[in-house]
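Since the structure comes first, as structure tokens, the remarks are kept for the end.
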Amino acid sequence: MLVFLIRRLVGTVPVLVAVSIFVFGFVRLLPGDPARLVAGPDATAQDVAAVRIELGLDGPLLQQYVRYMGQTLRGELGRSAKTRQPVAHEIGARFMPTLWLTVAAMAWALAFGLLVGVISGVRRGRWQDHAGMVMAISGISFPSFWLGLLLIDLFSVRLGWLPTGGYGDWTHFVLPSITLGAGVAAVLARFTRSAFVEVSAEDYVRTARAKGVPERMVVWKHTLRNALIPVVTMTGLQFGFLLGGSIVVETVFSWPGLGRLLIDSVSFRDYPVIQAEILLFSLEFVLINLIVDVLYAFVNPEIRLK
Amino acid sequence: MRTLRIVHLLYPTSAAPLSQTQALLDVQGLRVTFDTDRGPATVVHGLDLRVSAGETVAVVGESGSGKSVTALAITRLIDYAGGRITGGRIGFTDRAGVLHDLATETPEAMRRMRGPEIAMVFQEPMTSLNPVLRIGDQIAEAVMLHQGVGQAEGRAEAKRMLDRVRIPESASQLDRYPFQLSGGMRQRVMIAIALSCRPRLLIADEPTTALDVTVQAQVLRLIASLQRELEMGLIFITHDMGVVAEVADRVVVMRNGEKVEEGDVQRIFDAPEHPYTRALLAAVPLLGSLADQKLPVPFPVPDGPPPRPQDTVTDQPVLEVRDLVTRFDVRRGLFGRLVGRIHAVEGVSFDLRHGETLAVVGESGCGKSTTGRSIIRLEQPVGGTIRLAGLDVTRLNRSNEPLLRRAVQFVFQDPFASLDPRLTIGFSIAEPIHTHRLLQGPAVEQRVRELLQQVDLPVEHIWRYPHELSGGQRQRVCIARALASEPQVIIADEAVAALDVSIRAQVVNLLMDLQARLGVAFLFISHDMAVVERVAHRVAVMYLGQIVEIGPRQAVMGDPRHAYTKRLLAAVPVPDPRRRAYARDLDDSEVPSPLRAPSDMPTVAPLVQVGPDHYVARHHVGGLY
Amino acid sequence: MTRLLPRLVLSAALAAASAAPALAAKDLVIGVEANMPHLDPANTNDTLSQTAERLMYQGLMGFDKDMKLIPALAEKYEASEDAKEFVFHLRRGVKFHDGTPFNAAAVKTNIDRVANPDNRLSRRSLVSMIAHTDVVDEYTVKFVLSSPFGAFVNNMAHPGTFMISPKALAEYGKDIATHPTGTGPYKFVSFATDTLKVVKNPDYWRPGVPKVDTVTFRAVPESGSRFAMLQTGEAQFIYPLPAELVKAAQANPNLAVINAPSIVARYVAMNNMKKPFDDIRVRQALNYAIDKNAYGRIVFSGYSTPMDAPIPSDLGFYSKQGVWPYDPAKAKALLAEAGYPNGFETELWGGTSTAVKRGMEFIQQQLAAVGVKVTVAPLEAGVATAKLWNVQSPADATMQMNYGGWSSSTGDADWGLRPLLYSKSFPPNLFNIAYYSSPVTDRAIEAGLATADPAKRAVAYKEAQAQVWKDAPWIFLGVDRLLAGQSKKLSGVYYLPDGGVLTEDAALD
Amino acid sequence: MSAAAKAAGVQSPLSEFWRRFRRKRIPLVAGGAILLIILAAVFAPWIAPFDPAAPDYENVLAGPSLLHLAGTDVFGRDIFSRIIWGGRVSLSVGFVSVFLGGFAGVALGLVSGFFGGWVDTAAMRFCDVLLAFPGILLAIAVVAVLGPGISNVIYAIAVFSMPVFARLVRGSTLGLKQTVYVQASRSIGVRRFPLVMRHILPGTLPGVIVYLSLRVGTSILTAAALSFIGLGAQPPSAEWGAMLADGRSYLGVADHLTLFPGIAIFVTVLAFNLLGDGLRDALDQKLRT
């Protein structure tokens, strides 16, 4: 298991290097002179030159990259062009809200998705299946920002049960995490169902029945455990979707997270922040995939023991 | 094979007459229907079947005959497979002597009966075990469920069962997962699960079909001995008449969901009444039937003239293979570290002459297919030389590659998979012609028509798609396609293994006919010794990537000199109930894996001559050959 | 004196003090539209941050709720006749939040900091005319200017010249932006991403205030969510209140709507140096082509009044010119006369907020009616910086038309005219993106600056406004109404015409 | 060969597909709905009762009526007509981006799967990296470089659709490469290019078609989300997401501004998803979402 973990960790290195090259190339792909953009309207030529050095845009490309990597590894991400604060500070404050929102959304999406998926899979072709799948396919077809607006309108404005947005106690989490998780819940429900149905047709499920295992155990022990293997992978992929979705949902719910920061940075063309954020998002995604792989090995002995 | 012709006396082959035994299972008028998207389809029509305690009833039939569905209906697992029992009753007398109609039992009552009363063993050991559960737990689960014992007791029982199915080191095996076991071992585990609750009726659905012949013999023997021990009723479902002859007391022959004949095993083999049974038996190649004949002889055709031996071999070698080596590197991890090598083919040498059929036999993983694939370069050999009609084709280049691709053709095992489903038969046959630019324009179509005629297919098939053809017809198409480039050598890789027995004989005859007419040489790769006996001039036996014995067919099969050859031949089920193999000495050992550590190179045993053109590998034992 | 990020000024209104009895008070939450980038007043470009800074900081001068100049940290001032020397007498006994006493030395430290080009502070232009700052005594400070500057006292009321504790400045350096330490009514507590929290300053020099314990600014960019916050009582004051939601707010018995004139002008700047806008007939035609009343009704749901001078009426020295009439026929005639009988194609730039895009679409529709085909191109702030404000010479300007707004946060005509319409204010110096250049206007603007005498300045600015109106360098559209929503329990929060909010006197019922 | 597979072999793949597809009513209805939406968009000038850009300042924010089926917007423009015209934008974003991404992905997947080795490794690492970015984040990055606007949105969505197709096609290419009929063709000496085009590409298409239809829905949603955060379609384009975004501040005042574009997005995406599901059931049961 340890060997597996180390191997998997080493395996992320090329992806991270590629991501870093992409992020590095990001500012350099921009049309025009980013230093001029960042320096602002009042800047003199010296100011622009200073900003260029600050952004690491001076010297040969390779040297720039090495320097960039060095700084990144030391956690020096530069200063925001907009606020003049260190980027790490900007991002740090917003990291936890986004993380918790994502986790909350995933938690309910997973619980809901698995439950609906299994029920639909067991009651294949009956009304429970149809109801579950209607919900699921609607979930993936619904624009999340619209859902968010409708939820605020209903639960906050009309009923006054829940706050409209902002980051605070658990009540603040309800609507944003529902909005964010809806699509993922739907995807997981569908996916769990199809994995479940597929596993149900496996010979070993028949074997379980042939030895007189009660249906309940056939479902939870023999079928679901195997169906979970692909579901785990899918869940990992969906984390990426959540991270992306948080960008929109944070706007709707005034959530002080990375997503909103990103939109603000894009509209202000605050390149140091955009750059760092893309890096962070990718890092998070890679990390989540790592965790998923470990989980995957946990549920799948064939991976774990080989 | 003459040595095997001894009448077996140790075990009487017929069970007690039906009237004397209380029927354990009494199926009457069973109908099973599936709801397909084309509407309901009845696949079993009014079947009657009786099994007594301690009796073995073989249910025989070709694919689609409804035999497996019958098994699922009896256990009511059919409820989960999309089918329904739409008629008849399934009488079953349980341990307490109570008679049940399984066709109408509640699901819960059925569940309680599965395991302690009725158990099943399935065909596919590779997929029948739950991949995420330890095998000990999978066995113990049934024990704990039905006998109400705890974890420790269940585990102890699981260990006892593993001992019983002769799995070595049973204690340590309990914690292993299915993927860590070979197919034969998994089937033993399946048997252990099925028998863990001492069922009164065991239904074995093609339990050995997916296994190699030596493993099959082991498993058959195991089932038989456990059956006697536990006094179970046994329904043995198979398509293989050889297996039937080995195990059955009584035989039920099914076709298209109906029973066409039933009777004592001896009677069925001696005097089959129904034409279908007769055809079935006629098509079964009987190993040893050509023991007196030096040359290959086609299968006899019902109502046709008796076949004549074929002498087609010339002295001229068309294919010379020397020291062929093909290995597959097993790499792991990020940097693809070499952790092992599969020595699929290790120092294989042979000649193939014009008009000759050289059969390569051996069990799965022995390297026989890889040998064929390496010659046609579907795999890349790492050593050795290959000469085609004197020309070195070891290293392919622009000039010799088209030559090889034209002169050597390959026929694959699965006729359903070897034709592109999106292309017409005509195009598939014409593809070699186009590829090698042998003909242009309308001449192509003309040639395709000729080829279709050569393989006895109607020329209208030229516009058909593969899905419109049966398996046998498709294999004929594949042969026509192989002939399209006028090859000198055809490598037939288990080319008839996937076909039903009756079709198999026709296709074998077609191949032999083509050899007689066109003088083409065959490298006939097969695990089926009986077919090999029909077609081969010479036989090469492979084991762990090496040829351990090679020589004239009559010499190798009649007078095997290598221990492995002997073992292989002894394991072949003989379709004659009088020649049951219980007494044959079979060991329970597993075939070693051809996967070795990178530094662990195998020694290639030299072949020594033991007779005219007959060579045997002499192994290095204790520092001496 | 703020170049508006357009979205920061949707609308505006002055708080008519809706007084209510104060009960057990306490936590005031104000919903605002965007995050505050940071809290260094000398480096702040947006009205919102300035409003937030006002919680904690003060300048020598300040504004009352009617945006009249009042003394703040200075008790009084004297100006020389030639508008080159200004002496301020400081309030005594005032302490910064960190205990540092406020005195003349602190003023000099602050002004020198802003004026020092090495600090690269964006508000340097407010003090760049100062030759030197002299500490006369502990509570007297004298500014000597290098050139006359009549609007100087207004600059001392601008957030850019707010007073920061010298000790804190030394301690935090650049990071002062996240450690605000001033003399204001509230002390800094926390500033996390979208939330600024301040607590009452018990030692505040004005007795009786503040009346609330804490004030929280929460950024809620979605206007619907912001309004929902007010409705659910999560916030007691939100601004801006989108015009389209005024009706909904009015329908709620617990809410009051603030609706007052602002000093935010909306106009389309045309590139006066480029074809076809170099022809005055074209510029006039476009002014005739747009129905200013409809503009207010459609784009601002009626909460906007047509512009009747180049600067809004609430700015000092405003001189009414009369609304440019809506006459599409005349517009067509003028275009034909100028050689564009079939109109022409052009591009309109602007910001990215929904309200701004709505305005741009409206202009597009109106100009289409007279044959001018407009492509609408919303630019993000960063791009706008590059394409508008950062252009090095008029020849490089690619702008044809730009829809924008301006709020002169000094409250004075100078900052309403000079940065936008003075020929020495072309980018990148200042913000004359219309590249409007008229000797008459230039001379009038210079004259207005050359004196501190209000009468003389009035004459000068009247001339300038008349000339600009005639030359029509812009399409004059409207002056926003200030709109904010508040709970009826809240009193003492004033919405300034420049879009800022005064919270010093806030009280909760 | 199981009995079921044999039974499936009785009909040609195409007629088998049609038989299975036709049997389910929902995908058929969805397909019909998509056809209707496409036709409405194509024939918008003839169908839409009003000019989608023509303002009517005397009749703004009017609720649904017989004259204006979906009411009017802030400029008095007919929302129903705008939705019909907006279909052109939303659908072309969906289709063009997915076809671009699909085309590139199929090409990359074929090359990667067929040639294997370092080409495969490089291509798949590239896809990993692209997949390592949440779709909308990637789109934002592209928009941040190229600027907002519908064509850039199309490129952005194409970029992040590409790896999905590349992986899918690579997977089925690897599978098809091992099929006996491809090996059979290799064994008779068919060269790489005809081999890929004749035997492998057609085999990957069922999966590609399923994904195309599913991804169109995703793309429309993503484009709408980008418009919503102000990085997508620009005025006066009647893109549905932009309409929804523009109307959102009128929630509670004039709900029809968001209701109808929201329904348009939902119904269209739903239809594509249902169609995709139906195609998958009929074409290739093994594919998953």
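The chains carry the letters A, B, C and D, assigned in the order they are written, with residues numbered from 1 in each.
Methods note: a contact is a pair of C-beta atoms (placed from the backbone, for glycine too) under 8 Å apart; a residue touches a chain by one contact, two chains touch by 3 or more.
Computed from a prediction, not measured in an experiment: that's the story for all the values here.
Colleague: Pick the pair with more C-beta contacts: C-D or A-D?
Modeller: If we tally the C-beta pairs in contact for C-D and A-D, the bigger total goes to A-D.
Colleague: Could you work out how far the Cα centre of chain C sits from that of chain D, in whole Å?
Modeller: 46
Colleague: Using CA atom averages as chain centres, what separation in Å is found between chain A and chain D?
Modeller: So the centre of chain A lies 22 Å away from the centre of chain D.
Colleague: What is the distance, in whole Å, between the centres of chain A and chain C, each centre taken as the mean of its C-alpha atoms?
Modeller: About 40 Å separates the centre of chain A from that of chain C.
Colleague: Report the inter-chain centroid distance for chain B and chain C in whole angstrom, where each centroid is the mean of the CA atoms.
Modeller: Using C-alpha averages as centres, the distance is 88 Å.
Colleague: What are the residues of chain D that contact at least two other chains?
Modeller: Within chain D, the residues that touch at least two other chains are 230, 245, 248, 251-252.
Colleague: For chain A, what residues touch not just one other chain but two or more?
Modeller: Answer for chain A, listing residues that touch two or more other chains: 149, 153, 157, 251, 266-267, 269.
Colleague: If you look at chain C, which of its residues touch at least two other chains?
Modeller: 222, 224, 352, 380, 383
Colleague: Report the complete set of touching chain pairs.
Modeller: A-B, A-C, A-D, B-D, C-D
Colleague: Spell out the part of chain D that touches chain C in their complex, as residue ranges.
Modeller: Within the complex, chain D touches chain C at residues 53, 55, 57, 60, 74-75, 147-148, 230, 234-236, 245-246, 248-254.
Colleague: Show which residues of chain A lie in contact with chain D when the two form their complex.
Modeller: Listed in rising order, the residues of chain A that touch chain D are 14-15, 18-19, 22, 26, 29-31, 137-138, 140-146, 149, 153, 157, 187, 190-191, 194-195, 230, 234, 237, 240-245, 247-248, 251, 262-263, 266-267, 269, 274, 278, 281-282, 285-286.
Colleague: Which residues, counting only chain B, touch chain D once they are in their complex?
Modeller: 36-37, 63-64, 376, 378, 401-402, 404-406, 409-410, 412-414, 416-423, 431-432, 435-436, 465-468, 471, 478, 481, 485, 498
Colleague: Contact residues on chain C for chain D in the complex?
Modeller: Listed in rising order, the residues of chain C that touch chain D are 222-224, 227, 242, 244-245, 247-248, 291, 294, 297-298, 352-354, 357-358, 360-362, 364-365, 376-378, 380, 383.
Colleague: Give the list of chain B residues in touch with chain A in this complex.
Modeller: 75, 77, 80-81, 107, 111-116, 119-120, 122, 124, 127-133, 141-142, 145-146, 177, 179-180, 190, 193-194, 196-197, 333-334
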